[in-house]
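The structure is given below, and queries will be raised subsequently.
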Amino acid sequence: MTPAAVAAHAERYRDVGRVLVTCPDRPGIVAAISGLLFRHGANITELQQYSTDPFGGTFFLRIEFHREDLAGELPAIEEGLARLAAGAATRWRVATPAVRQRVAIFVSKADHALQELLWRTHSGELEMDVRMVVSNHPDLGDAVAGWGIPYHHIPVTTETRDEAERRALALLAGQVDLVVLARYMQVLTPRFLAAFPDRIINIHHSFLPAFVGADPYSAAARRGVKLIGATAHYVTAELDAGPIIEQDIERVDHRHQVADLRRIGRHVERAVLARAVGWHTQDRVIVHSNTTIVFA
Amino acid sequence: MTPAAVAAHAERYRDVGRVLVTCPDRPGIVAAISGLLFRHGANITELQQYSTDPFGGTFFLRIEFHREDLAGELPAIEEGLARLAAGAATRWRVATPAVRQRVAIFVSKADHALQELLWRTHSGELEMDVRMVVSNHPDLGDAVAGWGIPYHHIPVTTETRDEAERRALALLAGQVDLVVLARYMQVLTPRFLAAFPDRIINIHHSFLPAFVGADPYSAAARRGVKLIGATAHYVTAELDAGPIIEQDIERVDHRHQVADLRRIGRHVERAVLARAVGWHTQDRVIVHSNTTIVFA
Amino acid sequence: MTPAAVAAHAERYRDVGRVLVTCPDRPGIVAAISGLLFRHGANITELQQYSTDPFGGTFFLRIEFHREDLAGELPAIEEGLARLAAGAATRWRVATPAVRQRVAIFVSKADHALQELLWRTHSGELEMDVRMVVSNHPDLGDAVAGWGIPYHHIPVTTETRDEAERRALALLAGQVDLVVLARYMQVLTPRFLAAFPDRIINIHHSFLPAFVGADPYSAAARRGVKLIGATAHYVTAELDAGPIIEQDIERVDHRHQVADLRRIGRHVERAVLARAVGWHTQDRVIVHSNTTIVFA
Amino acid sequence: MTPAAVAAHAERYRDVGRVLVTCPDRPGIVAAISGLLFRHGANITELQQYSTDPFGGTFFLRIEFHREDLAGELPAIEEGLARLAAGAATRWRVATPAVRQRVAIFVSKADHALQELLWRTHSGELEMDVRMVVSNHPDLGDAVAGWGIPYHHIPVTTETRDEAERRALALLAGQVDLVVLARYMQVLTPRFLAAFPDRIINIHHSFLPAFVGADPYSAAARRGVKLIGATAHYVTAELDAGPIIEQDIERVDHRHQVADLRRIGRHVERAVLARAVGWHTQDRVIVHSNTTIVFA
């Protein structure tokens, strides 16, 4: 984003807050929180809620609100929410979107997902602050330089994996709120995952675990699949099995050879990843067990 | 639905109510209504809201709630809502889905949309009570008889249009809550429309007004269109220009001749109409000016 | 189809033939076969071909042609094709669509896929002759009776499986060209499969082998999937791993509970199965290894 | 494309030719042309044909073939085709894809369609040679410079329209095979159109003529549309009514304000335009009356 766009973003969201709540469902939650916001002078501009089961399930709430001079009132609102949450197994937070989330994008050699994220950020469609691109290869350095974003090349080999990850974590520490794996072909260790719980988004082809192994596109071709898909998910310790944020597909047919399937896969991947990252940075995704609530 | 399914439906929704509100947006609406429901012992199970503009726009709210012994408390809840609404330009209603909406389906000769509605009703997916099928042709009488639903053949000619519509209105009076035009090829008069405001749903191909005239599929074919669509909308005085509830498309290509386009159009029509009718009968659609808010 | 529709079908395809060829790719195949047809007075109305690799791959060809008095000329055409095929590893056949393929539909208790097939056949969209419905349950007998089609209830238990399958095979012998498993919840034995090679079509949810086990919809819900799909495929000895004919999906979100996923799955299944059966009965599908060439 | 990619492209298509034919349908066309190619030593690698009506309609054919030392044999093949075409109302041409089509992209201020075309060209997915970008505004000059492509700023006002178009035509003369209007907001004159018959591709939102006038997205929003689409078509004298090459849509709902509809419209536009341009540059599109045959 240009400086002018950054300023416009800050102005647009100046007095905007977002409340996110996860708690056991019971009567009166909406009344309590909306009443609290009303007493503090806030106007609800968006509200979404979901309950896995109104009788004993888990309740999820996202409220976007506007309050003149939000900065001055925020402590009181947070204090009120803390009081409401006391005693119940409630997780809550208030986000202030005027300050954009800071993002690190990890890549290897493929540029399609990276370029899509950078273009959408530049156009203002993704409201985030890309602080750095990290790669285990030097290949995409020039492309990133054109966007004026730091590019950190951190090679990774079996021997240096541990040291490389330490270097990456040092770069990220206190600098980023979200890590996006935009076709980063290295497995992260539990230590890395622990540093960014529910804040690492990955994109991959959609057939895992349908077509496991080194070359799923070839396996898909051998079965004659008619759809190629992609899945964006949060990264958890179980490889490629974390909570799904978004999925989509494109149709293919017998004329598509393996290279075509890969090409189409790239298009699906960039669209799916961009949507998932957009929802995350707008605080629209709540993780619950191994699923997501997406208040899109 | 079988008698057993009807009983199960009534049981499932026994103490369920739905509040629908349209009013000028202002702070505190959600707090006021959710607080009212909480004080009356109701548990909100679903809540959706939307504002065209938080500063001076129109606010829409749909709440589904559960309250033990709803029948006994309903008058008090409605009284409370009436009090909240007083003085502001507020439209509100409470729906009780335990009693299914009564529906009349109007058809001419094509059966695809009719069959889809009857099958989905039979399978319990559409929660409605099809009271009658009305047609200006006798052709579909046998098919309807198989479902055990009354079929009224009311011929319409230019000369008899007025009398025919009177007969239809007499059949409907006090008997149905919703009229579905499932490929009914007659234009309704303002008198008919006035009897069912925002409660007549029509389905047609999606190219109007793109390809106007007697044979839009031929016009679409002459232009080489690659998509065939359908639109479900509420019927208003302006022909085929009422608020859109749902739309969808299927892809076509140069090999599809006009007959193929019509066939594909039928498939899109039945899917789109079924979704629109489902949302309406679940009180998920609010009409606003010439648009719809669909809390799907 | 009504008798009138059957007669119209026969008339429409009276002099229409279809040539299907699979052979090693080499220069001159199209020239040879199109030249043969031309010399025999045939006019090609549709031609599709595909080669896995023009240099040493496998070549597939589908030609639809029209020839006045086809019945008289067919032996000569077939003789010419046999001569062309001699010596090369060529598989070929000529189909005459004037006689509709005879189909048996196998079901258990779910009716959605069955009803879709029967409705599309009745409307003339599926050009096939449904000879019988076979089920291991009596439940759908009444629904099928309304269409005037024989319904054979053949119970299956672990003890009677062998005998039940023999009874089914006896019913089918010489009577049907295609078996459609429209949610038939029994596994067929190799003996049954051998009786209908590449002529048994099955439909199932699309997540196998992604979510294996007894309840894939629950597993999908636990992962938070955003797509529900269905796959139509030929049945082979490896369970649910046969060549895919068609696939499709519908979007879902966190609000869809397991019952909703199943309902949406049913809609995808009936659409996907109907398309696959339609292509098969129009001789548009060629099986190759474990894939399909679909000349849709 | 990098020099290495250009060389790889030339190598891949070194001996590849494409025959495109439009003629009155009659028996023997496929036999005649495939026989000609066979006699000249060519191996057909792809063949698609279509007839609007096998009895008196128009026939379309696209053949891709491989022939060792194509350059040496091409004159003889073209001579043979000319002989076959003699006397019938036949249009034919042979394309040699080893030399990429030269393209000029016209833009105004919006960059989404332009960036998509440049990125896909760079990645090798669009096999074309972007010779220049022409714009009536200077805004996108920097973005284009990064790709190493000449940017010509030709301002257009009502007074200078004629002169500006002359300048543009002078730039294009003999230099480009295809003009892509990637959100170029100026109307071209008949003189310009005559210089590139069936070789100017435009992209626009899909609602024309559904929502005509200055602001179709606002009109669409007022009607509550649920789909936003885009159409890529060849430009003809009748504004926005030329033969359609490709269309697609994305779903929207009541929460999408006019700005959102425009943003989503941009995504659909870039995908649809890229597909249309790809098919054109692979000689897959044949214009017939006001429709297209797309051998995709």
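Labels for the chains are A, B, C and D, by order of writing; each one numbers its residues from 1.
One rule holds in what follows: contacts are C-beta pairs under 8 Å (C-beta built on N, C-alpha and C of every residue); 3 or more make two chains touch, one makes a residue touch a chain.
The model shown is predicted, which means the values in this text are computed figures rather than measured ones.
The interface with the greater count of contacting C-beta pairs, when B-C is set against A-C, is A-C.
Among the other chains, the CA centroid farthest from that of chain B is the one of D. Distance between chain centres (mean CA atoms), chain B to chain C: 37 Å. For the pair chain A and chain C, the distance between mean C-alpha positions equals 42 Å. Contacts with at least two other chains are made by no residue of chain B.
Put simply, chain C touches chain D in their complex at residues 25-31, 34-35, 37-38, 41-49, 51, 54, 66. By the touch rule above, chain B contacts chain D in their complex via residues 50, 206-210, 221-227, 229, 241, 243-249, 253-255, 289-294, 296. Those residues of chain D that touch chain A in the complex are listed here as 111-112, 115, 119, 123, 125, 146, 263, 267, 271.
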